[in-house]
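Take a look at this one; I'll ask things after.
The letters A, B and C name the chains in turn, as written, and every chain counts its residues from 1.
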Amino acid sequence: MHGVREEVALLATVTLCGVLLQAYFSWQVIIARRRYRVSPPATSGPPEFERVFRAQANCTEYFPLFLAILWVSGVFFHQGTAAACGLLYLGARYRYFHGYAASAQGRLGPLYFSARVLWLLIALAVLGLVSHFLPVSLKTPVLRKLQWLMTTR
Amino acid sequence: MHGVREEVALLATVTLCGVLLQAYFSWQVIIARRRYRVSPPATSGPPEFERVFRAQANCTEYFPLFLAILWVSGVFFHQGTAAACGLLYLGARYRYFHGYAASAQGRLGPLYFSARVLWLLIALAVLGLVSHFLPVSLKTPVLRKLQWLMTTR
Amino acid sequence: MHGVREEVALLATVTLCGVLLQAYFSWQVIIARRRYRVSPPATSGPPEFERVFRAQANCTEYFPLFLAILWVSGVFFHQGTAAACGLLYLGARYRYFHGYAASAQGRLGPLYFSARVLWLLIALAVLGLVSHFLPVSLKTPVLRKLQWLMTTR
């Protein structure tokens, strides 16, 4: 188990940071509910409140996708690279949340950036899984063919 | 770690497929927002939009449950069986999404099917965990009793 | 893999209990939809329905956070402690759901309790990860300093 723990410790740390960030977003919704006097179970109110509410809902919606792809790419491609992408993603989500709280337009920049980071993690996961399933006997010829294509063109 | 990777590679592949399917659903909501002119943060609009929105919300809601039970049954019962059930579940969710987008009635068939697959995965997880915790000294008598019951009745 | 399975079996069991609890909440929403005649895709209706709907939505929203922190604290701090906290959390969520279904006020007690359990799990995860990353050469002096502080004050 110690070897396994070693190979997921960075992923676990990024996961923990993500949980703390989601706790922060939930707390911001509670503050917004008080400020704009929107008591549960209501979820509609002034646009300022609805933007904060939707920002948190969107981050929450993506959180399981993010964790799943972080761990698959971290375990099958490379832990450090996946963890670094994970931190970039969480930073983008922080800027997204505050951008959206300010204006619907303000969410777009960080949202597109966070989506690009997720696609990068997906690409790493695909690469990692393909190289895991590729039989060793195939790996060398495929890599040679790739090298040959890249040197002759 | 290599042995562990071997025993979860199919689960990781199904997880990746699930993330891609969820990304596809999110993209369909963006298209529906444009077609029916429902700009964020609004989530209500014509029934055609609301059905697409709720279809994605429902799939998103079940995604963490699905992943949790896929991995528990895959690790404690049998990886290949769990992964095959996982693919059936994702196929049912694809049909559910398009069925719901067409009509509220159209969601029911695939929804019931996906629920049945989830219950199957839950049953496999229970079996896997019970057989894990059952002490070896108990396993043999219990299995013999079961055999005896099945041959004499 | 067998050693790994041993070290996560309790976490997997609590995860399975959590999935069953979420299935129970979903079923309660279906019953409430029938009783108050709120057909999908609608999500608004009489306050009695909206409270049940929001109770389930809130539990669903926290479920991935709960699982993530349960597993990180269970793997890096101590499996049994994390699993026990996990059961406390699920019990609090059960009381939260029925409290909220009865009145908006009734959700508060169990909600605060469940939040306290989550913070405890977060603290255990932080401790576990810090002690994992702390180099062995540092661990002994730090522990001695702590002992010295606790015996002299």
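We adopt the following convention: a residue touches a chain if its C-beta (ideal position, glycine included) is under 8 Å from a C-beta of that chain, and two chains touch if they have at least 3 such contacts.
As the structure is a computational prediction, the values presented were derived from the model and not from experiment.
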{"item": "Topology of the chain contact graph, where touching chains are joined (line, ring, star, complete, other)", "value": "complete"}
{"item": "Interface numbering overlap (same over half, different under half) for chain A and chain B", "value": "different"}
{"item": "Between chain A and its twin chain C, rotation from the CA superposition, multiple of 5 degrees", "value": "120"}
{"item": "Separation of chain A from chain B, taking each centre as the mean of its C-alpha atoms, in whole Å", "value": "21"}
{"item": "Contacts with 2+ other chains: residues of chain B", "value": "4, 64"}
{"item": "Chain B-facing residues of chain C, complex", "value": "1, 4-5, 8-9, 12-13, 15-16, 18-20, 22-23, 39-43, 60, 63-64, 67"}
{"item": "Touch list for chain B against partner chain C, complex", "value": "3-4, 7, 47, 50-51, 53-54, 61, 64-65, 68-69, 72, 75-76, 100, 104, 107, 118, 122, 125-126, 129, 132-133"}
